[in-house]
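Look for chain A in each of the two complexes below; its partner is chain B in the first and chain C in the second.
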Partner chain A sequence: MPFNRKAHKFNASINEVEIGTGDKAIKLGGENTFPFYSFDGSLGSGPKIGVEITDLGLDAEPEGVKAYYAGCNTIGEIAKKAAEMPGGDFVVLRLAGGDPNGANKSVDDLVAVAKEVADAIDTPLVVEGCKNVEKDADLLAKVAGALQGKNILVMSAKEENYKAIGAAAGLAYGQKVGAESAVDINLAKQLNVVMTQLGVPASSIVMNTGSAAVGYGFDYTISTFDRVRAAALGQDDKMLQMPIITPVASETWAVKESTAAEEDADEGWGPVEARGISMEVQTATACLVSGSDAVILKHPESVKTISRLIRELV
Partner chain B sequence: MYKITFVTEEGSRTEAFANDGETILSVAQKSNVAIDAPCSGNASCGKCRVKIVSGEVDSRQTRHITDEDFAAGWRLACASKVIGDVTVEVPDIASAYKSRMRVADLSSPAELKIFRDATDQVKKAGIEYRNNMDVIEIQMDAPTLDDTRPDNERVADAIEEKTGIEKVRLPYSVMRKMAHVLRASDFHVKCVVRTTAKNVFVYDMLPASVDVVIGGLAVDIGTTTVSAVLLNMKTGEILGKASSGNGQIRYGADVINRIIESQKPGGGRRLQDAVVKETINPLIQEICRAAQFPKNHIYRMAVAGNTTMNHLLFGVDADPIRKEPYIPTFFKTNSLFASDIGIDIHPDAHIILAPNIGSYVGGDITAGAFISMIWNRPEMSLFIDLGTNGELVLGNSDFLVSCACSAGPAFEGGDISCGMRATDGAIDAITIDKETMEPTLSIIGEEGQKPVGLCGSGLIDTIAELYVNGIINPKGKFVREGERIRHDKYGMGSYVIAYEKDADSVKDIEITEVDIDNFIRAKGAIFSAIRTMLRQLELPVEVIDDVYVAGGIGSGINMKNAVTIGMFPDIPLEKFHYIGNSSLTGAYSMLLSGDAERKVYELARSMTYMELSTVNTYMDEFVACCFLPHTDSTLFPSVKLR
Partner chain C sequence: MALSGIQIFKLTPKKNCKECGCPTCMAFSMKVAQGAKQISECPHMSAEALEQLSEATAPPMKTIKVGTGDNEHTLGGETVLYRHEKTFVNKTVYAANICTCMDDAEIDAKLAQVPSVDYDRINERMYTEMINVNFGKDTTPERFAEVAKKAAAVRPIILSVKDEAAAKAALDAVKDTKPVLDGADASNYETFSKLATDAGVVLGVGGASIDELYDTVQKLEKLGNKNLILDVTMDSIKATFEAAVVIRRAALADGDRSFGYPSIVKVNKLTDDRELQQSLVALFTLKYGSIVVVDTMDYAMALPLYGLRQNLFTDPQKPMKVAPGIYPINGADENSVCLTTVDFALTYFLVSGELERSGVPCNLIISDAGGLSVLTSWAAGKLSATSISKYVQENVEGKIKNRTLIIPGKVAVLKGDLENKLPGWKIVVAPLEAVQLVKFLKDMKANGEI
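And then the complex of A and B:
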């Protein structure tokens, strides 16, 4: 009997959300099938890669990252170089210095950083907060205002501060909004519901349903992607049809596999930087094949590897 | 060691000693000083407020205490550590927790009607309200030198002649008074007896001239509230009733915290005393005083309560209930007497217990399921008991499945800052204008009664109205601004239901986001249990023909609003029926009717118990339900925003 291939068709698709302006603008989402199932349907414009930089500079970065940005002195120069990283599609500015328990930089200072970055690049920009919900509410609302017209994606709107961030980014300044929830399909959907009830169009929302490094409760991350995609496509659940963006670098470069010096690590672990890249690549790959539409990375090697993976599979 | 002196508002003093760093709450609990602590000392509920009169404690200010109150010395007992000698004023526990508890105790005409309707239904099903308690009058010949039978044989012979039953049991309490009673009455007495096929048990002996009414006491022991009715065992007439908060509340709001507390040294005894000496005996005292009824003429008692409450009542170790594989000491027992546990009625009074069927489905449910009559219909019905533990029974005349979920005390007004029982001053219904956000209140009490707080039905209305008017979002957070919407310095929103000037209270009556969150969890627990149960049985929600709702939430419950907030499934409203405090009605029936007692035992044997904690989708379902009305809005097609 000849093999008769039947395509699995869905009567639903993931929203297509555009970020950035002009020629370099990109679209997230748009697929109407499972990850990389190009034999069954359309993958939209395919998975995308963001290159992460932070306002804290390069001092704490791995050697390979430092080497890539060698010669860059200002955040604007760093951003420009990030935008040029081979395989990257957009730049992600993480305003980690705003953390009141860390550097605690002022909102005005950080807004200035964001402006400098935005002015230095023509690729799309994603801005992440400092993970403190009160500070982020103020900071990200002001960033959204300052960068009006750039069509940026403002991440880190959570249940506690979605009103401030959603109203500023999604309503007042016409930016895109990233809705962040904690590895639970119901919590992800609930945030999308309240966000749309606030008036933010569903087509302006991108989800961050939670992330982790492989081996660190990562199975929850993966099963959440899985279930969100199944509900979005299989049940045509409009409140789960937002594309998913997943910060990977900020998770994987913080775990001991990526930080323990070779002399402190168990025998056979090998050089620290190679381990860090491996963690980043493994995590990003697993995210993409489970339903994430974009991953945020920082090491040039990882970006190169993942972009090749995408190129080969799409 | 420091000296801690507790002073109550009435002036009683208790002295205790504590180590550096102990909390005021734990010192109070060890010294048996009643401080209301529903959250068991997590500084989350804010109920354990005490006032520091002299001395110092190491205490941080929480959102529960305003700046003025903090300056005046108010602290949370659980968040205050001992650092020196201190004198602490403890608010009156009666007002602190007993009075704000709501329980249906047949004190309103509406409740009484529901009660009558329920018992009528039971009678229609062929259950006779008849029992084996009786008063028999016997006239004996006085002893002579020729008739030298001792008193007890004389009585036994007379009873045998009257009843035809040979074996007569005369307990110690009767033996002791017999000589005196017989001679004072010229051997003409009345005996209170229980007659079975094999023997006659004599509870009491009184001169024939005394009018004897056999009293019976039906008690519903809830985790949060206790209610009792006194009745005439022959006629079924209700002679008195009363209810109050369960005195165990200060040892934790739910059964798990109570069990943990009972494991501390002397804890089992403290918890038993809290329910027997501080709750049930005062209720008996109150009822008997009002009805002018002698306490020792109560010869039988029926108790319906959950498994943990039964164990703590009897002073039996409850710890295995909370530990896998969750096996209690008993499901049923019929060998308990009032004197065993210090209940202040006739010492030989038999205690009838509605049988438990699982660690978390107790006698309150078997008694309630009996009253709901779902076992007598071919159609599928759902019985829901809204209490601190929410319990469900689904089934028909062929099968019954039960399960339990932890809803917390919100339905009974606990854990809600403005919660109270449905008594005078309680707001039992509310509507809110969409434009102005002004509320219209229905208040229990006489014309002109000012509002005091919210009872369960008022709470459901408030949350439903806030939601449909877009004042709160489906997460229960405030999204509109207005004169009645406030935010405290921690950002927590609240809605003012009544301003201080319009209320019979020392502060504004307001509902906060924390209150709403507590309630959303409670309703989420109920609905997720319904969903999980149906899913496990692979039945669609449409299969439910009738829903019987029981519990102390108030008879005025607006079923439409309960559906709007996603507490009950979105099925036609006429399918919902409120059957009152079915646990108490069930205990009443078991007390009065041997048929009913046997039927409840039969139901307990035939009911299947489903343990939700072992169903791995329950938690997922619960998170989906903690949203108004539900994360999957297609389950609630009738719910529309205004």
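And then the complex of A and C:
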């Protein structure tokens, strides 16, 4: 008896959200199947890769990242180089310097950084905040205004500050909004519901349903992705059909495996940079195959590898 | 296909004898349908009914064992496609690759490298469990047997071979170690099935396409061989991913028993690029590889991979716990400040990660809090002034001289009670979120408080 292959098709699809303008604009989402299940249906335009840079420059970056940006002196030059990274589709500016517990840069300074970056590149831009909810509310609202017309994605709208960020980015300035929730399908849905009630069109929302480095509670990440996609496609849940973007680099380059110098690490661990790349590559792979429509990376080697993986599977 | 409780009930004697432990035959049938009881627990079932039922209630995917003794590994036996539906039961096993086409020095070096990755992570041993021995071009059956023997002394092996003479020579040398004979396909399945059955080992079956593989498996089942592993490695990454998913889904979602076997994916055959290999090994850990073969498993590749696997295979109903104890961080000693939190693995990792980033030497004290988060275990009465003080007095005071204990910000309410129960200790309340610990500790240090 020959193999009776059963098709697993859905009558629903993930929203397609465009970011950027002109020839280099990209679309996130659009698929009507589970990740990379091209044998079941359409993958939309396929997963995308963001290249992360921060306003803090390159001093704290791994050697391979520093080497890639060698010769770049201003944030504008760094952004230009990030936009050219082979395999990358868009640039992500993380305004880490805004953290009141860190460099505590002023909102005006950071808006100027965002402008410099946006002016230096013609690829789509995603802006992340500093993780402090009060500061981000002010900062990201102003960034959204300053970059009006660029069709950027403004990340980090959370339960606590979605009104400020959502109203500015999604309503006043016509940007795309990233709704960030903490690894739970109900929280993710709730945020999308209140964001749309605020008036932000569902078609302007991208979700960051939370992430972790593999090994660090990544079980919750996998199950959240699995359940979000099952509800979005299987039950046609409109409030979960937003494409998912996942910041990977900021999680994976902070854990012990990626930071412990060879002499401080456990025996046999070997050079720190190789461990960091492994953490980034494997976490990104796990996110993509579980449901991310875009991952944010920073090491050129990781970007190259993940873009090759996507090419092989799409 | 699975039977309903009513269908099973029709086959029972309907005596309500209670000998199975259930009040009625109906109740027993319902439990069997849910998998909570085995049909064999009823002493009055007719042989005919038993046969009919055991076929119908058998698990959708076979459980296959390879290796022997401490090196025995259990593969397959999964019942769900997603971990949140129930739980994944038998974790993916990883194999490093050697080939008879390598020279002796290279083979010896690789065999010496395999045991070098071996460590504990949250009560689980992490190491490369198997070795894939590939029969290379222009080598003899004798050499294959010799290399297989060397490898089998290190780990359980997979014999990747399509040549009958070589397979036979190697099996003669290593069959007692219970290797996998991976080499059956549409052209040789009869002879390879006989080789594997005679040697008492698991047979790996491959094919150029999903349909061809299915056809060969059916022929092998007709020969009576159900001790199989499906080699889903196809000629491209895309085709291999499709095979891995479609085959597992056919078995678990569509009830097709002929695909109800564990799988093997040879990532080393799909690409030579190390970085892409590690991406693929993560991919096939998530999507249904029971054994995944890579060229070399080093620490850089293993650290994220084994963490991923551990997360994936945890029971979603039972959170991962770290063992109670004193965990020194940043080179802490008996004079370093103490902090405490719960034994929930996610909390432990978050907190210990931030403590490491602070650079301040400190002792993280973990007591048994039921594997729940801080607020949940506090609400459940598992994290209390009594539980913390008892643990500190019994396990910490004899070992640590420092008398400052920092408690989670979310249970600030315990401060007063702890001060009463732990005389001589200074109790300090930490910030609400782990991420704030770095600044908090740095400030304490700068102010000379620790």
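By our rule, the second predicted complex is superposed on the first by the 313 of 314 C-alpha atoms of A that agree within 3 Å, B and C clash if a C-alpha of one lies under 4 Å from a C-alpha of the other, contacts with A are read in each partner's own complex, and residues count from 1 in each chain.
Basically, a residue touches a chain if its C-beta (ideal position, glycine included) is under 8 Å from a C-beta of that chain, and two chains touch if they have at least 3 such contacts.
Just so you know, these numbers come straight off a predicted model, no measurement behind them.
Student: Just chain B (first), just chain C (second), both, or neither: which does A:G217 touch?
Tutor: second
Student: Once chain A of both complexes is superposed, is A:S45 in touch with chain B (first), chain C (second), both, or neither?
Tutor: neither
Student: Regarding the shared-chain residue A:S203, is it in contact with chain B (first), chain C (second), both, or neither?
Tutor: A:S203 contacts neither chain B nor chain C.
Student: Pick one for A:T21: touches chain B only (first), chain C only (second), both, or neither.
Tutor: neither
Student: With both complexes overlaid on chain A, does A:V193 touch chain B (first), chain C (second), both or neither?
Tutor: Touch partner of A:V193: chain B, not chain C.
Student: Just checking: does A:A286 make contact with chain B only, chain C only, both, or neither of them? Give me first, second, both or neither.
Tutor: Only chain C; A:A286 stays clear of chain B.
Student: With both structures superposed, pick whichever of chain B and chain C touches the larger number of chain A residues.
Tutor: Counted on chain A, the partner with more touching residues turns out to be C.
Student: Show me the chain A residues, by the header's touch rule, that chain B contacts in one structure and chain C contacts in the other.
Tutor: Common interface on chain A, chain B vs chain C: nothing in common.
Student: In the complex formed with chain A, which residues of chain C make contact?
Tutor: So the residues of chain C touching chain A come out as 82-84, 116-117, 119, 121, 210-211, 214-215, 218, 236-238, 241-242, 245-246, 249-250, 253-254, 256, 258-259, 273, 275-276, 278-283, 286-287, 298-301, 303-308, 310-312, 314, 316, 320, 345-346, 349-350, 353, 356-357, 435-436, 438-439.
Student: Using the touch rule from the top, collect the residues of chain B that touch chain A in their complex.
Tutor: Checking each residue of chain B against chain A gives 473-475, 477, 479, 620, 623-624, 626-627, 631, 633.
Student: Given the complex with chain B, which residues does chain A contribute to the contact?
Tutor: It is residues 159, 163, 184-187, 189-190, 193-194, 197-198 of chain A that touch chain B.
Student: Once bound in the complex, which stretches of chain A touch chain C?
Tutor: Residue positions touching the partner: 1-6, 8, 36-39, 101, 131, 213-220, 222-223, 226-227, 230, 252, 254-257, 259, 266, 268-271, 274-275, 277-279, 281-286, 289-290, 301-302, 304-306, 308-309, 312-313.
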